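Below are two complexes that have chain A in common, paired first with chain B and then with chain C.
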Partner chain A sequence: MKHTDVIVIGSGLAGLTAALASARQGKSVTLLSYGSSSLSLNSGLIDFLGYDDSHKAVKSPREGIMGLPETHPYSKIGMEEIAEAVDFFRDFAKEYHMPYHGSLDKQILVPTAVGTLKPTCLAPHSLAGSESLEGKKKIVVAGIRGLKDFYADIMVENLKKSLGDDLAYETIEIETPLTGGRDITTLDVARWLDTPEGVDSFSKQLLAYKGKKDTAVIVPQVLGTKGHACYLTVSSRIETDIVETTGLPPSTNGLRLNAMFRQALRDNNVEIVENTKVIGSKCEGKACKCVIAEAGVREKTYTADKYILATGGFYSGGITMRSFDQPEEPIFHLPVYSVKGEENWSNEQLFSDKPQGYAKTGIMTDETLRPVDEQGQHVLENVFVVGRDLGGYDLCFEHSGNGVALASGYKAAKM
Partner chain B sequence: MEKATVVVVGGGATGVGILRDLAMRGVDVMLVEKQDLVNGASSRYHGLLHSGGRYAVKDQEAAKECIIENTILRKIGKSCVEASGGMFICLDIDREQDPTYEEQWVQGCKDSGIEARQISLDEAFRLEPLLSRHVVSAYLVPDAAIDGFRMSWQNVDSAKRYGGRLKTYTEVIGVITENGTVKGVKVRDYFSGEEYEIACDILVNAAGGWAGELAQLAGLEVGVQPDKGTLLAFNQRLTSHVVNRLHKSSDGDIFVPHGSITILGTTSMSVPSAEDTSTAREEVEKLMSIGEKTFEHLRDCRMLRAFAGSRPLYIPPGGSLGRGASRGFAIVDHEKQDGLKGMFTIVGGKFTTYRLMAEKMADAVAAKLGNTEPCRTAEEPLVPEVSEADKKAARKYFPAYGTDLAATRLGPERFARVTETLKNNPEKRELLCECENVTVGEVEEMAKELSSFRINDIRRRTRLGMGTCQANFCALRSASVFARVGRDEGAKDSLGQMKEFLQGRWKGIRPVLLGRTIRETEMTRALYELSFNVNGHRIGGDKE
Partner chain C sequence: MSEEKDKAIYSADHCLSCTSCMSSCPVMEATQEYRGPKLVGPAHSRMHFSQEDYEDSLDFCSNCKSCDRACPSGVAVSTLNMLQRGEYYRTHPHKQRDQMLAHGEDMGKLVRSLPFGAACANLGMKIGKSLGVFGMLGIAGKRDMPSYASQSFYSWFKGYKQQPSDKKVVFFPGCFINDNEPQVGIAFVKVMQKNGYEVLVDQKFNCCGSPMVVTGYLDEAKEHAHNNVARILEWKAKGIPVIACCTSCSLMLKEEYGELFGEDEMHEAGANVYDAFEYLAIMEEKGELNTSFKEVKESLMYHVPCHLKSQGFGTPAKDILEEVPGVSVELADAGCCGISGNFGFKDDKYEISMKVGAKLFERINISQADEVICDCGTCRMQINHGTQVKPCHPIEILAKAYGE
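Our next item is the complex of A and B:
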């Protein structure tokens, strides 16, 4: 039974951040990971707060966060730590060759694969849509022949509503050598663009727009899997702004971010244990002594001074619910907050101006991110809760998931 | 003014059955439906092709009709029926409650002509390993699963070959009468709101749960009690047979496997209007707790959704309601009953006997018209089968398991066209819906049909979005394809179509929003609300 200073359970954005931030403070860290993490389903854009409780667009996330209720995770984390987390992330991203742009004071608008615009705070340059689209007179949407889930013509129809139909629009189709087999994903094309031949061919097909300062080229998320290297190469060859969109999974940008984190964790000697599902724990009084994990057919225990729970809420099985009104946290059996009653659990409309009640289910903590019971008393002193496991917010409604993940992961590491 | 000799109102199984039957007899007939086909009880049920076993004790007349029609439908609607076979299981609690029921049931099956073969418990558990070990006896019967959507569309396709006409999204808002005789109907187009008249000599009210309301438009009264049944769909095949409890018919005691899912049903509850297709948490709980008796680990299975529909129970004066009411059907000749010439109402019955009901109704209509052609709906298949040779030739263009599925969904003519499309345009072989194995080529074929106004119309005909992911991936794709090739102007609003499609899925997901279902919902919202911001406002506060 190996002992480290910190054990992080879960390798989504919150877990990765907690592990990296802990390691950078000189702690020995074990990261227990089950499955391939949620990053392939994550845009890798760091939204902090896109919409307020009445669904009004938030112009300044910093101001929006100040106005949130006490029960919101951001209120527990505090503005100072949130701002530190942003700096921490930006420094790390720059060091690992995929600098992120943006700040807590305004929104970047990223074009999506359906032609709407999505607000976010921090984005790599290739996805920093509004920064590149500003002042353009012409938009070229470049599809890829045979690529699944990218419909350039439909995107243009909707872009006209988002960006205005006074701009000129054009669609083109890029040819690749990937057609003729199974369905092609953005990841296939991105891997092709990791090769010199791929970048050559791709850039050549965009030469018609070379040097056109009033034009931006919008492409699906295909500009390589390795940081922003491919983006830089293509941009410098065509000398025109090129912008990626969000899209259906697999998310190339989420995988870029994942690769970057994994590299940084290895560089900081974090022990990553894959395919390990934590199924329980042993606690004495208010202290967790070890966690128990299923590794293949065996059970293994891991011990640490401090445990960070980043198991992803309902989304990743970190919270389960077999019967109505009875959510459970299966590892530490922490008290789980949820709204009660059928009428509060969900809205009649899937998309509306109200958050979904069920989505606020999660674990309540104090300002140190330690779990508390209904009376606000600590349940366990050496367990910290981060990311989607936290209660009191609907991330899809308010566009805040990666922001909470990043800020809570960072803060938990400091505690 | 448009004209048809006979106008049939209601695009459920009964209505399409009458459309086909009359068209085959050479009658000029038109069906009008206010929504898409099978929007009522004909699809909102468990999709069970009854052997009659369920009625063997209570109503042997119904049981006999069921087994005869079951045999006919297997023959004429091969590609709609999954001949899974059925199992009746008696639990220890069932036997305790009524020790004599099993014996009565065995005798009832025998008397009704239903082959019920007792099997050993070992055999039962071998066939259905997930069954509760509280089973004390088991029988095999010729139950089957049937696809209500497909069966109904195939009736229409068949009717069209004989000149039958169909108008969907056309609501009857008035019945035109003159001197005690029906002259036609006034209708409204659902999308444009346009109102116009259709002249007819005979009006057939086959509006199911809405039959009472339609009768009122003609100033008549028909006693129809909508009786809501709620069902749950699970994301896997829990069984390979239809599994029924061998006890007095009750709520939530039938499991029907369909393709890759299982449907558990059903409840019985009088509701004021057939429009009420809501599901309350209480109903879900009730179904789960009964279902758990048959499959004890049911709560660990992911539910896809809940849905509900209303049986149109016919209430003759002084009749009873609910499960006690007759599942039989009634034909009312309003000339005899109310002195209004040229109008009939057909109500009640069950999906399994829809063809027989249509035959009886068409007999009555034909008699009025002096038409002496015999009914041929029991002999002629709904659609010709796709030949093995055609399927074989198509295999290299379809996804691995997709050829047979596409052939049963499409029928020979459309299948040939889609095969040709896939052959000539390899990019159309792309899977638009992985869960149900539907290619872009097939979706385009259906999207182009004049009866496709919404993605949901395409869904009912292709099964797009009905599987594991509940439209997470195909909502974007189908909205984009529909915007590209759809003939209706409304198809171009890709975001609106996408949202409407997802909202339709949400309606069924919402009542079963437990842990495993929430995972999928979180995915839907993360993709469409977060990544695509379809619910978004523009910065500055303007709504998109």
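Our next item is the complex of A and C:
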């Protein structure tokens, strides 16, 4: 039986952060992962709090967080640790060649692929929308020939609403050698831009805007897969601000962030076990003794002093529900909070300014992120819960997904 | 064991279209011609198994299984691809080269039956290569075919005297170790002897069938599966596990039979099969591993084969070798090597295969490590072809640590 100081279950942003922060404290860490990290789907932008409970835009996430109810994960984590987590992440990102901008005190507004603006807190240079767009007189939206899911014309229509009619708008289309085969994705274009020929061709096609300080070029998430190297090269060649949008999966920026984490975990000797789904645990009293994971045709047992549960809640199989009103956490059988009563479970209007009741389903913890029962008593002393497994918040409604994942992952590592 | 893993075709409906598999597919990264795992695997197979319909770009899938490992929903993407390929070749003719690429075992047997067969075959292949015969057959002319060892593993084994023991394991060498790299099997036998085990062999085993599955000879692979599963179960009844050093063989025997053909005995047999280092790690957990190692002063770069990653037990070779005084192990962590069994031997896939392997080649070329280790024979060939470095199997380092 393999023993390490810490076992982290799940390799989304919460698990990756918990594993890295634990290793940086000198702990030996095993990361048990199933499926590639979900960072290939999400933008890798760190939202902390975009909207309050009446769906009003939050100007300062720091202030917004202070006003949250005590059942919210942020209230458990505490502002001091949230701020430390931000510093930790920014230091890591800088060290691994894709510095993130922003702070807890204001929002960065990032253009989406349809031209709306989405609030976030921390973003790499290439995605730091409003920071680069401020004061511009002209916006050039550059689509890619053959790339679906990015419609420059629709984008301009919406940008006019969000940035103003008074700016000049122009759309162009970039040619690539990628056409003629399957439908291309942003990831295909980004990989082309990892090559010298790609960067040359791409930059050349933008030369018309060279040195125009009052102009910004908006492109889909295509500026390479390796940190911000490609962004730096292209911007220095065209000497004009260039801005990426968010978009549909696969997300290039999420993949960049994932690759950085993997490199950092390797550099810090974290053992990553791939393709192993944790299916149970053995506990004595309030202590978990081991977890059991599928290893192909057989099972394998892993032991640690401390276990961090980062299995992604409802969305990623960390919480399951076979019968209504009875959500389960399959590994430790932790108590799962959910709203009571079928009528409160969902809000009929999928896209509205009201939250969805079911979205707050998750595991409740105390300030140390140890799971608690309805009476607030610890269920297990050496298990910590992070990310989307946590109950009491609606990440889609309030735009807080990666913020909670990052802050809770960091805090659990410290405990 | 979760239900969806038991048979691939039922897993297609678990697909959420999340695109994780697409981001992980090395062939998609190397060519725009392949439409990728999501569309070709779950999406297309749902229709294909009920309709006469074939997705042309399926031919690009190498069965490296990176997509399966990426999928958060348990879809057996690559196996869906292999089932569709097999279905296609039921009604369509094979390419000329397929026969040869899928039947290395028969070639090996033929070579062994002739006097000086190995030397002649190696010479023949050199001549064949220089005359461009391979190219005509549709085999990548730039590659060397694996050369035959002068003595096969089985033939060495017959003449080797072991210390008898009550603790026994059956060794499944697979075609490549038997015919081309018997030194790996020899190292395995010596390692097990040092641990108080007696190694048995069973020559009634066939080729595991992996080359057939990827080349679309599904029915033939199923016959091999039936034979091998019956053998494994017979050993199981005697309480003796079957162990392989080649990770594609062990994956096929353990899991892929069940996924492809879904028969109960296949799952039962799979549970009696182990990868060599997986087994050594289990011995270690029980405190049964002989750890009186001699010093081996070597820094190793370890390319973990895709088919080992798929088995979900981590990298026990790294853990065990790091216990040997003087040894350090660094993971290459550079993705798929690109050869994927016989994929990289096809002339029309050669370029793709080399493009996929480029990251690994670069990592090895700039590495300061004394030696490169890798559990898979065809990966080792690809590394050798792409870097000129000659890698070995980790079991060979362990044998050294036992003074063998």
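The criterion applied here is as follows: the second predicted complex is superposed on the first by the 415 of 415 C-alpha atoms of A that agree within 3 Å, B and C clash if a C-alpha of one lies under 4 Å from a C-alpha of the other, contacts with A are read in each partner's own complex, and residues count from 1 in each chain.
Keep this in mind: contacts are C-beta pairs under 8 Å (C-beta built on N, C-alpha and C of every residue); 3 or more make two chains touch, one makes a residue touch a chain.
From a predicted model like this one, the values you see are computed outputs, not experimental measurements.
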item: Clash or fit (per the criteria above) of chain B with chain C on chain A; value: fit
item: First (chain B), second (chain C), both or neither touched by A:236; value: neither
item: Touched partner set for A:54, first chain B, second chain C, both or neither; value: neither
item: Which superposed partner A:375 touches (first chain B, second chain C, both, neither); value: neither
item: Chain B versus chain C as contact partner of A:180, first or second or both or neither; value: both
item: Touched partner set for A:401, first chain B, second chain C, both or neither; value: first
item: Touched partner set for A:35, first chain B, second chain C, both or neither; value: second
item: Chain C, chain A and chain B - angle at the middle CA centre, rounded to the nearest 10 degrees; value: 80
item: Contacts of A:255 with chain B and chain C, given as first, second, both or neither; value: second
item: Touching partner for A:317 - first (chain B), second (chain C), both, neither; value: both
item: Minimum Cα separation, chain C to chain B, after superposition on A (Å); value: 5
item: Common interface positions of chain A, toward chain B and toward chain C; value: 41, 180, 249, 316-317
item: Chain A residues touching chain C - in the complex, by the definition given at the top; value: 1-2, 34-36, 38, 40-41, 178, 180-182, 184-185, 187-188, 191, 249-250, 255, 262, 266, 271, 273-277, 293-298, 300, 316-317
item: Complex interface listing, chain B residues touching chain A; value: 280-281, 285, 299-300, 426-427, 430-431, 473, 476-477, 479-481, 483-484, 492, 494-495, 498-499, 502-503, 506, 510, 513-515, 518-519, 522-541, 544
item: Sites on chain C touched by chain A in the complex; value: 1-2, 18-20, 22-24, 29, 31-36, 39, 57, 68-73, 251, 254-255, 267, 270-271, 273, 278, 285, 309-315, 319, 331, 333
item: Chain B partner contacts - residues on chain A that touch it in the complex; value: 41, 43, 47, 50-51, 55-57, 59, 107, 109, 112-114, 116-119, 145-146, 148-149, 151, 153-154, 157-158, 161-162, 179-180, 183, 246-249, 313-317, 319-324, 327, 342, 345-346, 348-352, 356, 358-359, 395-397, 399, 401
